[in-house]
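Residue numbering begins at 1 within each chain, and the chains themselves are lettered A, B and C in the order written.
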Amino acid sequence: MRPPRRLPAAVAALAVLALAGCGGADDPSSGADTDTVRGTVTVFAAASLTESFGTLGRQFEAAHPGTRVTFNFAGSSALATQITQGAPADVFASAAPGPMRTVTEAGDAAGEPAVFVRNQLVIAVPKENPERVTGLADLIRPGTKVALCAPQVPCGEAAGKALDNSGVRLTPVTLEQDVKGALAKVKLGEVDAALVYRTDVRATPELTAVEFPESAGAVNDYPIVVLTAAGNPAGARAFVAYVRSDAGRAVLTDAGFQPPPVG
Amino acid sequence: MTVAPGTVRRSDAARRRAAAGRLPLALLVPAGLGLLFLVLPLVGLLARAPWTTLPQRLTAPGVLTALRLSVQTATLATLLCLLLGVPLAWLLARVDFPGRRLVRALVTVPLVLPPVVGGVALLLVFGRRGLLGGWLDATFGITLPFSTTGVVVAESFVAMPFLVIAVEGALRGADRRYEEAAATLGAGRWTTFTHVTLPLVAPGVVAGAVLCWARALGEFGATITFAGNYPGRTQTMPLAVYLALETDLQAAVVLSLILLTVSVGILAALRDRWVTGP
Amino acid sequence: MSADRPLLDAHLVADQHAFELDVRLRIAAGEVVALLGPNGAGKTTALRVLAGLHPLTAGHVTVAGVDLDRPDRRLFVPPERRRIGVVFQDHLLFPHLNALDNVAFGPRRHGLDRRAARARAADWLDRVGLDGYARRRPRQLSGGQAQRVALARALAVDPALLLLDEPLAALDARTRLETRTELHRHLTAHRNAALLVTHDPLDALVLADRLVIVEAGRVVQEGDAATVTARPRTDYVAHLVGLNLHRGRGEGHTVRVGAGLALTTADRVTGDAFVAFPPAAVALHAGRPDGSPRNTWPATVVGVQRHGDNLRIQLDGPLGVAADVTPAAAAQLRLVPGQAVWAAVKAAETRAYPAGGGPGPG
C-alpha cells in the first residue's frame, strides 16, 4: 500500500474519533457498546482484505482503548472450513457469498451476514501494458498467455461469469488456486494478463488494471458476520459496526473496493 | 519321546510371548504412539468419507484424468531423478573433491525450501524471463511453465534429494572390495559400476526411488507455482484435492482417499516384488 | 623356464600406515611362492600393489616382461588391464550373481559372448568339483565351496600371475583341510606363477615351493621350506616352526648368547651366529643337575600352556626359552608361574649357523 493513500483514511478515522467523543455514532449497533468493548477480537478475513483490514484494526484499537484485534487472513473457503471445524473466531469476513453460506448453513453465524463491500474484476497487466490490452477480446490473441483463478474460488467464479457475459472464449494457461497466485504469474512475466480484483492490482505497484465493461455483471459481494462461537461478542459486534461505518468504508474504498448496493 | 505337534506349537507361542515380555516398554509405548500419530489422520479421512456417493464421485469428470496425470508425472519424475540422482549420489559417495560437504548440503536445499518458493525459484530459472527459460524457448522451442513437462520438473526438483540421500547412503555402506574384485577380473570403471556397484546398492536405489516417487506424487506447492493448474495438463491429484477443498470437503476427502489407495497399492506391490530383503 | 627371466619381477615400494613396504619378489613360471608374515607385516599391501589396487611409490612391477607399474616412468596399468587374478580372503563372490555367472564374469569382460563365457565357467566349476552348483547364489554355498568358486573365477581368465590372499583363513578346520588339498591340486596344475599371502605356516609349507617371509615391510628370510624351517633367522620364523632361537657369537663349538651364558653346540660356527633347538629338547630339573649336559642354567617359570599332549612352559632367566614337558613331569616339578627350576639342553639337539649371508633382521 502506498503511503499517500493512508492520509484520507487517517482523516476519516479522526472524524470517527471526534464523533465518538461527542457521544454518539450514527450506527445503532455500535454506539451502545462503546464503553463495554474490551479484550481481543479475533477476525477471520479473506486474503484480499489483508491490507485494508490491517489499517481498520489499528484504527479500531485506537477508537476502543483496551481492545486488540488479531487477524487470520487466508482464502475464504479455507477459513470457512476452519470455522465449521471449530476454530475460535469472533468475526468472519468472506470474499464471496459461497464460503459464507457454508458457515451460515453450519449454524456458526450469529445473525444475518451483511455485505460490506463489493469487488470488481479487472485485467491485470504489467505496468507499461506491453501487449496493449484494452479489453477481454485482446486476451484471445494467439500467443497471449492468461491466468485465471480456478472456478472453485470466488475470483474464478466471477471471471467465468464475466467471460460468459462477454462471449469471449478464452483458454487460460493456468487456473490458479487464488488471486495471489494469478497475480504472481503476471508479476513474474510468465503470463501476459490475469483476471483479478481491482483491489489486488491497486496493492501491486508493478501492475496496472485494465477495466472492462463485462465485469459489471460479475461483481463479488463481501459479506461479514459475527460468529456464534465468539468469545468476545461485544467486541465482535463493535468491529463489524466499525467496518460498516463511514470511517471503515473510507479505508475500504480507498483500497479499491466499491460500496455495497444501497438497500 | 514323541511330542504332539500341538504341544510344540504351544511351547513356541509361549516362547514368543516370553520374548515379547522382555521387549522394553520404554520403546514400545512411543512406538505405538508414533504409529497412532501417523495413522489417525487416515482414520479421520476414512471416517468422513461419503461412502454412499463414492461411486459417482469416483467417476466424476476430471478425477481419473488428474489421477492418471499424477501417476504419469510422478513416474517420469522418478525416472529423471534416477538418471541424474544416482550419478550425483555416486559423486558424493565416491569422489573426494573440494567443497564436497557444501555440495552435499546444497543437495538437501529442496528439502528445507518451502515448495512454493522452490516453484518460484524454478520460474526464475526456467520461466519465460528466467535465466535459461528464454534461451530454451528461443533455441529449442521448449517452454516448461504450464506444461506437463513443467510438472515433472517441479516434482523432480522437490523429490530428488530423497533419492540422492538414500543412494549415497547405500553406496557408502557398500563393500568396495567387490568393485576391486571386478577390476581384477577385467571390468573397467563403467562396467564395474553397472554390473557390480548398482546391483549391490539396488535395495538402496529402490528404496530411494520409492521415497522419491511418493514425494513426487504428493507434490503440490512447487507444481502449482511452476506449472500452474490446468485440468488434463498440469492439474495433478494434490492440486485437484486442494481446489476441491475450496468448495466441497467431501470431494476433497474422496480424492485424497483415491490418491492414498493408489499410491499405497503401488508401493505395496513394488515392495513385494523388489524390496524383499533376506 | 629360465631363472634369469622370471614371470614376475617386482620391487614393491609403497606407503603403509606405520612403515614403508620395501619388498623384492621374483617368481618363475609354474612356481608357487608364499608370502608369509605376521599380521600387519605388509603382505596385503604387497598383494594390492601387485594387483594394481594400490599404486607403488617407487620400484616396479613387471609381469612376463611387461611393465605394469613404474612410478619413475609414470607408467601405471590399471587392474582391469593386468593379467593378474586374485582370490580374496572372504571370496568376494558377487552376491547378486549365481556361481556360474560369477565365474563367467571375467571371461565376459575379456570379450567372450555370454554363451562362450558361460561354457568356460561351467568347465571351471566342473574342474573345482562344483558342476552341480552353477545356479546357487553365493549365500547358498558353504565357505569351502565359495572359496573354490572364487578360485575358478580367478583362473577362468587365465592370469599370468595368480594372487591368493589368505584363501583359507575364513574356513573352519575341516573345510580348510579339504580346500587346502583342492587348492594344492590346482596350483600344481597352474602353468603360470602364483603368490600365496598367508600368516599360516602350514598353508605356506603345503602349498608353496618357496617361502618369502616379511616382517614390518621387509623380507627377513626366504628359501625353500626345508631351509627356512631348519634355520630360522627371526623370532617370528622360529616361533612359526616351533623352535627356540638365539643369536650370539660363535667360538667353535660354543655360542655365547649373552649374560655370560655359553651354549655348547654340535655344529661348529664362528662369528655372528644363530643357535636353534626345539622346546622338546629342553629338560627341566628341580635342582642343578649333576654329571649332566654342560648347557644348564637357572630359570623361572612365567607361563604354562597346553601344547598337544604336553605342556609348553615359558621360562625367563639368562635365556628366554620354551620347554615342552609331560603333564606328569610338570606336576612333579610343581611348574606354576614363579617357580624356580634348572633348564638343560643337550648339545646334540642344537643347531648353530652363521647369521650373515642372507637377509637378516635389521
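One rule holds in what follows: a residue touches a chain if its C-beta (ideal position, glycine included) is under 8 Å from a C-beta of that chain, and two chains touch if they have at least 3 such contacts.
Just so it is clear, the model here is predicted, and its values are computed rather than measured.
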item	value
Distance-to-centre winner among chains (Cα means, whole assembly as reference)	B
Far-end chain from chain A, centres as C-alpha averages	C
Rounded Å distance, chain A centre to chain B centre (Cα mean)	39
Centroid distance [mean C-alpha coordinates] between chain C and chain A, Å	89
Chain B-chain C separation of Cα centroids, rounded to whole Å	53
Residue list for chain B, restricted to those that touch at least two other chains	none
Contact set on chain A toward chain B in their complex	75, 77-78, 81, 98, 145, 147, 150, 152-153, 172-177, 181, 184-185, 188-190
Chain C - residues contacting chain B, complex	51-53, 78-82, 84-86, 88, 92, 94-97, 105-106, 109-110, 139, 153-154, 157
Parts of chain B lying in touch with chain A, wherever the complex brings them together	120, 123-124, 127-129, 145-146, 224-225, 227-231, 234-235, 239, 242-247, 249
Complex interface listing, chain B residues touching chain C	175, 177-178, 180-188, 191, 195-196, 199-200, 202, 278
